[in-house]
Each structure stands twice: as structure tokens, then as C-alpha cells.
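Next come the structures, one after another.
What follows is a pair of complexes built around chain A, which joins chain B in one and chain C in the other.
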Partner chain A sequence: MAESEEEVDVLVQRVVKDITNAFKRNPNIDEIGVIPCPEARCNRSPIVLVENKLGVESWCVKFLLPYVHNKLLLYRQRKHWLDREALVDITCTLLLLNPDFTTAWNVRKELLQCGVLNPEKDLYLGQLALTKFPKSPETWIHRRWVLQQILDQFLAVSHNKTQEQQGEAEQPNADSSRQLSDHLTRTLHQEMRVCSDAACRYPSNYNAWSHRIWVLQHMAKGNGKVFHDELSSTRLWVSMHVSDHSGFHYRQFLLKELITEHYQTSASATINGSSQHWSSTLPSSGPHQHSCSQTNGELSGAEAANEDDRQLSFTTVLQLFQQEIELCSDLIQSFPGHETLWSHRRHVFYLLNQWRREHQCSSRGDNNSIHLNDCDPGMSEVSPQSYAGREESVNGQNHASEPMELDRVSLPNPHDSKRLKRGVLLPGTPTLTSEHSFVNSILDSCCNPEQRRFAVAYKKWLDTVTGLQS
Partner chain B sequence: MKLYSLSIHFKGATKANLLKAAYDLSSFSFFQRSSVQEFMTFTSALIVERTSQGSRASVKEQEYLCHVYVRNDNLSAVVIADTEYPQRVCFTLLDKVLEEFSRQVDSIDWPSGNPETTNYKALDIHLSKYQNPREADAMTKVQAELDETKIILHNTMESLLERGEKLDDLVAKSEHLGNQSKAFYKTARKQNSCCEIM
Partner chain C sequence: QGTQVKDVIIKPDAPSSLLLDKHGDYIAAYGSKKDDYEYTLSEYLRMSGIYWGLTVMDLMSQLPRMNRQEIIDFIKACQHDCGGISASIGHDPHLLYTLSAVQILCLYDSVDALDVDRVVEYVKGLQQEDGSFAGDKWEIDTRFSFCAVATLALLGKMDTINVDKAVEFVLSCMNFDGGFGCRPGSESHAGQIYCCTGFLSLTGQLHQLNADLLGWWLCERQLPSGGLNGRPEKLPDVCYSWWVLASLKIIGRIHWIDKAKLRTFILACQDEETGGFADRPGDMLQVDPFHTLFGVAGLSLLGDEQIKAVNPVLCMPEDVLQRIGLQPDLLS
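Coming up: the complex of A and B.
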């Protein structure tokens, strides 16, 4: 099908227009694709719009793409002028066909910067491109640039507001700052969805998961609740994608962040009431009736409360680890032979132990160090922490929870006892012993050769870890 | 962890006769779905034709695993899954579906039936339910009782073919594939990307 240059020109202009019009007609387009169609059918547009899906018939791509690509390059080289509208349309077409064409994204950056384009438009365009090209590195990179623009705007606005408020003794404009922060929250959640969709479309989609991490690092700094929520909301996903290494790595990141939060909370708890923020993000593992409504600066009686906060968050983090190991065990048993699950277990167990050791070191320097291989949750003599109010059954005896106050009174050195308590493990906390017994139970019952291999390797690794830590 | 298609065939003397099929194509891009469906039907039928009576096999093709059970009475079922989905649960599903089908549909109708005339409605529900292997199969935690050594494993579709037989020819001749799918297969082949329509 030999097309003359003019014919191609006309065809392409028409296609670009059809695409633009399709978006105008239907603002809810949520997916793009190429329709396998080797030949054009009598003068019909190659652009097909069905149920919110935008398709381009494959026959026209070989005309369309080189043509628009060329046009944009000529524009860049200042050999050919394109007005802003044309630029928007052409880059849109280009990026839907090839989102790794950096130049096109850069042209859009310029348009954004001079106010011609709304950043939301680029987020939408990127989202569409990702439905067909879920890994596209340039799309993710551009997305981060756009988000950074949005964040900068937000910061600028709230900074201005504070200045205004300081300048005049006016009531703070609570409404609009609420609006801004709602907007940010919505953007955050949208990003989580985009990442999740892309992760579904391509296995172990490193770029999507990395982006997800970036978003949390930049848009959810210090917000423990978001990390907790992400941990719960990805739980089902990873259970249905047991060989998706990137998905599990994301959970390792979340756990690490929660540990860091815990440290920061502990460190600053006595300085100001920032613990209040942390305790408000606790998951509902039991009734925490806790007097944590401390505002900045109130130190009287805050000491005790902050101490409780630290204990609370310690317990919480420990529980998270425990749950993660349990999830891992569950999946390993249900779906034998996936290396990802064993790899995840290593990471989690290692993190847990590192954190526990550091925590023990920082809270009291000396003896009574709980060696990992000594620790048997079943033989603990000290009453277990039960801030959740539940009664732990240890060695068949029920130990009721003991309020902190009593301990402080009964023992000669209250601080020692608290430190001691902090060093004690909750029953059920993974230890070297329990890990060995888990591996052995797998080896005893499994007949999947891969599973066997991974279990043996894990056993060896456990021994190495003991070596490093004793 | 996904199941894409579940189909029931009768293994005739020379070819497989499709009796009923269910598909879950939600994870494929919208415009590829009809071609994907056709290729899955084509693949399932081919596998049944090339699997001996009274045997079970798993055939690997790219990121898909096709599990087949051809019974001694030539009633057969194929499920196409991804590589994460536990094999054991697939064979449980195939057994179950064939048992139920043979109770509901008279064997006289197997050699010549087709999806429109065959009165068996539960296939879609089974496919949907088994998307979550643990919900569907409470026994998943118990390690396999199924004798896995009896399941033949093929690493490619090609290994099912006779000497000299080419997949391209079979595609061209297939009645399960429309012209568009055939044409697309040809172009994909030329570009050396195999059946990347999937």
C-alpha cells in the first residue's frame, strides 16, 4: 500500500485529531491498546473507542509513529513551528504509542511550566500509557517530576498561608488547608492505585514498585498510618502473587520505615508530644485505652505516657514482624517451591533481629542480653507485655496483664524493670529456635524438590546468621 | 496466581471436539481479548489431541501452564493457568469438572456436541471460584497425594507435535482461529516475538 507523502500527511493529521476528539468525547477513557488489524478498511478511522477503551488499529501505526516523531524533532530543532495546542495533541499521540520517547515528555514539562498544561493531565496521560506499557521507565520518571511540581506548589501555598497568618491576627484558613491536604491525600491514593495496576500487568514490575516507594517517601513522610494501611492493603495482593519479588520487597520497605518511625518516636517522645501522632496510627490489635492526647510542651506526667508510647510502639512493631513471618509461613506451606517467599523470610527475620538487638542495646547497655538461640517463648518467666489487654498463656498459666504503675512501685529500681521488660520477647515472636523448627517441619512434610532445596538453603542461612550475631 | 481458561473436550479419533469453555481474560488488554480467547481454545484442543487416553500432562508455553486430563472414556478437560498457580489444585479442578460434566451431560452427546447445544452451566462458576486456590480447595495446605510422577511435563508446545509438524501450519489450518488472529500470529512470528499477543 504505497502512500504518497501528502496522503500520509492527511492521514496522520486526521488520526491525531481523532485521538484528541476521542478524549474530548469521553473523559473516562481508562485504557489504551493496539488492535491487531493488518489492513485498513475502506476509509474508516483507525481510532476505535469502545467502553472507555481507546484502540488504534495496528495498520496505521507504521505511518503514524514515524511521522509524529519526526514532527516533534523538527520542532525541537526549530525547523518547524508548532503552536501549543498542536504540541499538546502531538505529544499525546506520540506518548500513547511510545511513552519512552523522553523528548515528548520534556516538551510537556515545558508546557506545564508555562501554565499551558495542567499537571493532572500528565498524570492522566501517564496512567493511560502505563496500561499498555506498565514498565515504561520514562513514564514513571516524568510522573515523579510532575508529582514533585505538585508537592512544591502545595508547600509554597501552605508556606504563604503561614506567613499570612503571622502577618495578620486572622483566624487560620482551616478550610483551604484542609482542601489542600485532602487533595494531597487523594493524589497519594491515586498513585497507589496506578502502581498497583501496573504491578498487576507485568510480573515483578520493579519500576512500578520503586515508584510506589518514592511516593511514600515524598508524600507520606512520618505518616505511620499510611505505612500501616499499605501493609494491610498489599497483604492480599502478595498472597496472590507469590513469586513477585518486588511486591515482597515493598513490604520489607514498609517494615523498615515503621522501624525508623519507632526510633524517631522513641527519641523525640520525651522532647515533645510527637508520640501522639504515632499512637494514633496504631492498628486495632486490642483496646488501647491510652492517655496519649499530649500536646506539644506538656511534660508533666508526659514522661510516663511517653514511656508507655515507646512500649506501645515497640510492641506494635514486634507484632507487625510476627504477623509478617506468619504470613510468610502460611504462604510457604500453601504454595510450595517459590524462592521469593523464602527470600522474603530471610529479609524479615534479619530485620527483626537487627532491630531487636539495636533496641536492646539502646535501652540498656548491659547484661541479660537475650541471645537469639536461648530464647524460647514458652519458657519466659517474666509476664508478657499485654497492653492489648489480652491474656497471654505461658506454659499453660494465664498471666494477667500488669499495669506499669504497680511494677514501678514494687521494684527497687523502676527503670531497670522497665528496661528488662522491654527486652523480653512476646510469645510467638520468631526466634532462631522457632525458625529452625519451622524449617524442619517443612523438610519433614514436603515432597516438592524445589521447596526442599529452598528449605535446606534457609537452614544453612540461619546458621550463618547465628554466627554473625553471637 | 491466575486461571485463564477452562474447557471440556471430547477426544475423537482424529480431533478434539470442544464441548464447553469458560474464560477469564480480565488481565489481558481489552483489544487482545478476542484473539487470546481463540488461541486458548486452539491450544486446549491441540493439547487434548496430542495427549494419550488415560493420562495427565502439564504443558509449558511462555508464562502459561496448560494442564490436561484425558480420561479413559476420552472425556477431557484443559485448564490454562500461570506459573504461580499450584499444579495440584489444577488437577483437582479438572477431575471435579469432568466428574460433574459426565453426570449432567449424556455421553451420547459428547462426540458431536458443541458449546451452544451442550447443557452444562457450571464451568464459569468453577473458573471464578478457583481463582483463589485456597478458598476453592481447602486441601491445598496438605501436601500432594496426587502422584506427581505420573504427570507428564512438556516444556514447550513443540514437544507435543509429531516430527516435521509445524505449529505455524496447525495455526493456519485451525478452525478455532479467525482470520484476524491468524494474520496477527503471522506478523508476530515474523517479528520473532512468537505469540506475544497473549
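Coming up: the complex of A and C.
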């Protein structure tokens, strides 16, 4: 066993080299781990490479980590010089053992910025670290920084190409543009895979799913197809992980983006045309705003012409909601007593409500008094009764539950036929009434106490939160 | 028909009385017995670790057992030229550890150990155009909005940042359920909710919350065992006894929780042999200073008179904040 300082030095340098060489020998390593092994075997390296798995024997970790850790810090304090290659190797070893060591990731940021390191290397290193540490906040944080660097590079390159080839034929520009956008698409799909793997490794992995959202917000803006595909591809996954609140929240995010996307895209499709695709690659570090700013009820020429487009969109949106509620109902019935599923139902129904409300606003041009006065169902308007069975009044008023506007179908309204055409009142679309029916059917048929508890809570939620928007 | 709710079962022989002396011994000895490997692993957050340890000692009226001068010297060695403070010597500066350092120095009434102006410049420099705050390089998270205003509030320098824009960003992270995530569009999470309600308290904007809605979401975190989780279908964890409870206290709805059951849960997280609190009751308790602080702080919020009063916004003893003259808003 290595005991003296020199022996530790020699041992550690050898181990770091062994790790580096393992990656050179096998560029397809896809998982890391520690092999329980209390004692060193004579002269054999603690680094084990089997198929695509890289293992470190546990006996050496307690020497290895403090040594490389302190070495890096001495470098950072300018007390000890390390050349670039050594920095790459040492940070790689460190981060495979302790990926929350922020400073090590920062050293790699600097190496990346001066061109010593390829960003893809850090994406790969991060991916490996996540196989053992699927939540590691610093790994996800560094990953976003790297992706932003890649996005910025692409933007710079594409901008330069556009300027260079201003006077030339269209063709070369289109080719290189396509190559760049293909690369971006591949990067995006790789991120989806990394997130999915991490989500499988740790239940309700907040960091993995919020990263997944970040990637779509920054790399797929306005690209409806990606959102549709994600909705399809995660459907099976969430059905097999009915406790995974983050997984279901991701679908809520996708739905919200799709309904915003559908609503805006059709009206502006003829204006933006092919530039639509590039808008999806524009990086943005700011918050992604959801607004219905284009729908202030003014009918422009373009909007009038796109009436049919929007009609199709509306039906599609309603279908999306219908499918999601159906999925939710199936799962609630198949897997009684899962709070996540009821929480998902609240979200989806709320989104549907909000969308219908905004949709009603945009069809204004009339003075129909049953329409909402305030188009923006902002959070500040909602003031439900308190939960926990207390009958406290809120703001001095007693809020009795009211049925929603949409249920008053029978009121004479010259715009009813228009609304019907837009599929707002499509049969099968979830309404407050149908939701209450669903809850009652659960309560009538089920004896799982937790299921009953969640059903009752949902009922209460329906009455207080949604019934009050007027 | 068995219950599927993710929860723990508290055994009848679980600890049911508060073992303050044991916890004091645990914290006082923490670090001295740690072997190189484990201590090295957590060095990247050392400054926060020290804040957790000192704060819980102060809440238990045992702060004098800690080495004040050594810690102040350590903090001085962690302030970088840019003004920011790192988790440990040689590590890179970060807003998280800048806050922890300022909190520690407030406990010791030694804020002058720092170049305060530079700290302020560092924090100010992290604010983005949309009002959000980066942690160091670029990552945006509502946690950092909280760190920024908490740091500045403790130093009495909140007017140096664009508070309105900061508020605008945090509010843009409010979700339909009344909760908050790390960025706009992110899932509501009790830890982020604590940071955002704390932020809104410090900036005098609690009225922007929907207290009933948020309170509802928060009290739904309580499980049959009495413990609190951070999101639906997660296991209870004693640190959520802080994030959730403090948030409820700030928005004036702490009575929506079953206090007695929560107290039972927290006490069951103690390790009678080693001292300290683990994340949840069980056979293989793994205690650490993080869970120890939040267990004790949670008990304080619940009204345990053996513990000093803790401020729900800053997680520091109330008497320290009184000395500074900082009394963040609370809803009633």
C-alpha cells in the first residue's frame, strides 16, 4: 500500500494517466463507477475497463481524490503550475469522482475559451459523470454553459457566412446552413437522450427535467415539430413512471408551448416563412415569455386570410388537450392513489381553461357582455377559499363556486356559431361539468383511500380555483 | 388496497425528545474527525457548511464553542479581488458562498472583516438585463435572486441593484399553482418557493403572491407521517421542514400544517448516539450539519422554547437580525 508522499504522488500520476489512456483506447466509454475493492492487487492498475464501462477500484479513491483536488487548488492559487494537458487530465479525473466541484468545471471553461478543449469533450465528460451522479447540479449548470457556447459559435458562423456570400449564388449558403442546423439538431437530440437517461436513473429528477426544458427553450424556439415529437416520445415513459412529477410537468410545459406556438405561428406563417427555422436556433438567456400579445382582437388582413389555418390549429389544440386528459384518466384509473396524476390533471385543465379564455378574447370585435372583461387570467385574480376544509373568507368576501362561462351554452349569442366552428365547444372537450362527472365516477367506484383523498381534493380545486375566473 | 403514498413509517422507539446537547457535541466535533476523503468531497460548499454549523449552534445557544477567529480569518482568505467570496481557500467565488460568508460575519458582528463595497459591486455585477441574477458565470436561477437581495439586505445596500427588474423576473417564475421554479416555465419546488417568498419579503412585494393558493400547495406537502416533502410524490425530508414551513410562516399560513405531527417527524430524525439530524427517520441514519440546522430551525418555527427564535426569511437567529436592524416583511 502506498503510504509515503512520494509513493502517493507516483501512484496518483499513474492512475490519472491510466484514466486518460482508457479514454484514448475506447472513445465509446458510456458509464463510470467505483468498484468495491478494499485492497490493491499487486501492481495492477485500479482502473478497469470492461466493454464500455470504466471502473475505479475503491481502495485508490481515498488517495486519488484529495491528491488531485489539492493539486488543482494549488494551480488555481498560482502556487503550482500545470500545463494544459495535465489540467485536462486532472479535471477529468476529479469531475468523474466529484462532479459538484464547481472550480474544476470553471478551469475547463477557461480551457474551452482559449481553444484547448473542444466543447463536445465537456458534453461527453458531463454525460459520463451523470451516469453515476444523475442529479449533479454543477454538471447540469456547466452543460448549459457549454451549449450556450456552441449556440453562440453557430450564430457567429452563420452570420459570417450570410455576410460573405451576399453577392453569390444561393446554393453554397443553403448547404452550409443545413450542415449547421443538422449539427444543432443532433446536439438537441443528444441532450434529450442525456436527460432521459438521467431521469431513468433517479426518480423525479428535477435537474434533468429542468435542463430538458432549458434546451427546448433555447434550441427549439418556435419549432413546433420538436415539441410535438417530445410529447409523443415521452408519453410511454410517463405512463411507466406515474410518480414522476417532473416528467408530467415536462408535458405541461410542452402543451403550453404548443398552444402558444399554434396560436401565433399560423397568423405569422406567411410573414416569417423560411426564417422560422432559424428563429429556433437563436440563443436567449432571458426568460421565455408566453404572451398573447398578437391577439388583441384586431383583425388585420393577414389574420382574416388565415382564418382557416387558425381553425385547424384550434382543433389540433383541443385534440391535444383531449388526448392528454384521456391519458390522465387512463392512468388515474389504472394506478389509483398517485398524487402526480391528479396534479397533472389540474395543470392540464387549467391550461385548457386559460387557452379557451384567451381564445375568446381574440374573437372579440363585438360587445358581447358574457365575454370576460379582463383577457389576462393573471395569477392575482385567483383568490380561492382556503384549503384544509376551513371556511375562511378571503378578502372579506365569500366566494361561492360558480360554473364557468363556457357552460352557459344556451345563452343567445350571435357568435355561438363562430365559436362552434372554431371547435371551442367540440364534444368530448373537457369542461367543468365533465370533470365533476369524472371525479364522481372515481369516488363511486374506488375504495383506495388515497385515491379518494386526491379525488376529493381535485373536486375542491375545481370549485375554488377555476370556478372563480370572471 | 394498501397505501401507495411515498412516505416513511415512524417506529415507536424513534427519538421523541429534543437532544440539544448531543447536537452541540456533534457540530462542535464536525470536521475534526472527518477523514481527508469525505471532507474533501464537500469542500466545494464549505462556506455554507460553516454557516449551517454556526447558525444551529447559535440557535442552541452554543455558539461560543466554535472558533470565531479562525473562521473570520478563513473568510478573509476567501474574498477574491472581484469582491466575491468562495466556498473555501483557492476555490472560485460564487454568490451562494458570498451570502453564507456575510451571514456568518453577521452572527459574529464582524462584517468589517470584508471589503463590503467590493462585495456589493460583485453582487451588482451579477444582475442581468431581465432582472435575474447569475450565480457566477452565467447560470440563472431564482435561488440567486434570493442570495443577491439577502446579501445586500444584511449589508444594508439593497438600493444598489435594480430592485424593480429583479422583482419582475422573480414574478415571471410564478406558476399557475402559486409556486415558483428555478427559471420561468420550471416546475414548482419547495426550495425555490422558499427563495422566492424570501425574496419577495425582502423586497417588500409579498402582496404579489397568491397566499391562499401557495399556502394550499405548501400544506399539501405534509404526508401521513407528519413530514413534509418538496413536491408531489417525493419522500419527506427534514430540510423541507424548513423550506416549506418558513414559506408558510412568511405568507402567514403556518397554521395550515399539523404542527404536532411535524414535530414528531423532525424529532424522529435525530440520531441518539452520534447527535445530529438525518433527512428522514429510519434505521440507517446519516446525519449531517445541513439537516441538523433545518431540523432545529424547523422546531424553532414550530415554537420550541428550548431553541432561540429563528427568522423565517434569512434562517438566522432573530436576535442577530434585531441587532442589525433588519425585519423583513411577513404576511399575517
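Following the convention adopted for this analysis, the second predicted complex is superposed on the first by the 362 of 470 C-alpha atoms of A that agree within 3 Å, B and C clash if a C-alpha of one lies under 4 Å from a C-alpha of the other, contacts with A are read in each partner's own complex, and residues count from 1 in each chain.
Following the convention adopted for this analysis, a residue touches a chain if its C-beta (ideal position, glycine included) is under 8 Å from a C-beta of that chain, and two chains touch if they have at least 3 such contacts.
Predicted, not measured: the structure shown is a model, and the values here were computed from it.
*Asks:* With the two structures laid over each other on chain A, which partner does A:S243 touch: chain B (first), chain C (second), both, or neither?
*Replies:* Both chain B and chain C are touched by A:S243.
*Asks:* Touching A:S334 in the superposition: chain B (first), chain C (second), both, neither?
*Replies:* Touch partner of A:S334: chain B, not chain C.
*Asks:* On the A-aligned overlay, A:S4 touches which partner chain: chain B = first, chain C = second, or both, or neither?
*Replies:* So A:S4 meets neither chain B nor chain C here.
*Asks:* Tell me the contact category for A:V61 with respect to chain B and chain C: first, second, both or neither.
*Replies:* second
*Asks:* Once the structures are superposed on A, label A:T103 by its partner contacts, choosing first (chain B), second (chain C), both or neither.
*Replies:* second
*Asks:* Applying the document's definition of touch, where does A:C447 land relative to chain B and chain C: first, second, both, or neither?
*Replies:* both
*Asks:* Which partner chains sit in contact with A:N43 here, chain B, chain C, both or neither? Use first/second/both/neither.
*Replies:* A:N43 contacts neither chain B nor chain C.
*Asks:* Which partner reaches more residues of chain A, chain B or chain C?
*Replies:* After superposition, C is the partner touching more of chain A.
*Asks:* Touch check for A:L73: first (chain B), second (chain C), both, or neither?
*Replies:* In the superposition, A:L73 touches chain C alone.
*Asks:* Contact-wise, after the overlay, does A:I35 reach chain B, chain C, both or neither (first, second, both, neither)?
*Replies:* A:I35: touches chain B, not chain C.
*Asks:* Mind sorting out which residues of chain A both chain B and chain C touch, each in its own complex?
*Replies:* 243, 336, 338, 447-448
*Asks:* Name, in rising order, each residue of chain B that touches chain A in their complex.
*Replies:* 1, 27, 29-32, 35, 63, 83-84, 86, 132-134, 140-141, 143-144, 148, 180-181, 183-184, 187, 197
*Asks:* List the residues on chain A that touch chain C in their complex, please.
*Replies:* Its residues touching chain C are 61-62, 65-66, 69-70, 73-74, 76-77, 98, 100-103, 106, 109, 138, 141, 144-145, 148, 204, 206, 209-210, 213-214, 217, 243-246, 249, 253, 256, 285-290, 336-340, 343, 346-347, 350-351, 354, 379-380, 382-388, 394, 447-450, 457, 465.
*Asks:* Using the touch rule from the top, collect the residues of chain A that touch chain B in their complex.
*Replies:* Chain A reaches chain B through residues 31, 33-38, 48, 50-51, 53, 55, 58, 131-132, 200-201, 203, 240-243, 333-336, 338, 445-448.
*Asks:* Residue numbers of chain C touching chain A in their complex, please.
*Replies:* 1, 3-6, 35-37, 40-41, 43-45, 86-87, 89-92, 94, 128-130, 132, 135-140, 169, 172-174, 176-178, 181-187, 189, 208, 210, 212-213, 215-216, 219-220, 231-234, 253, 256
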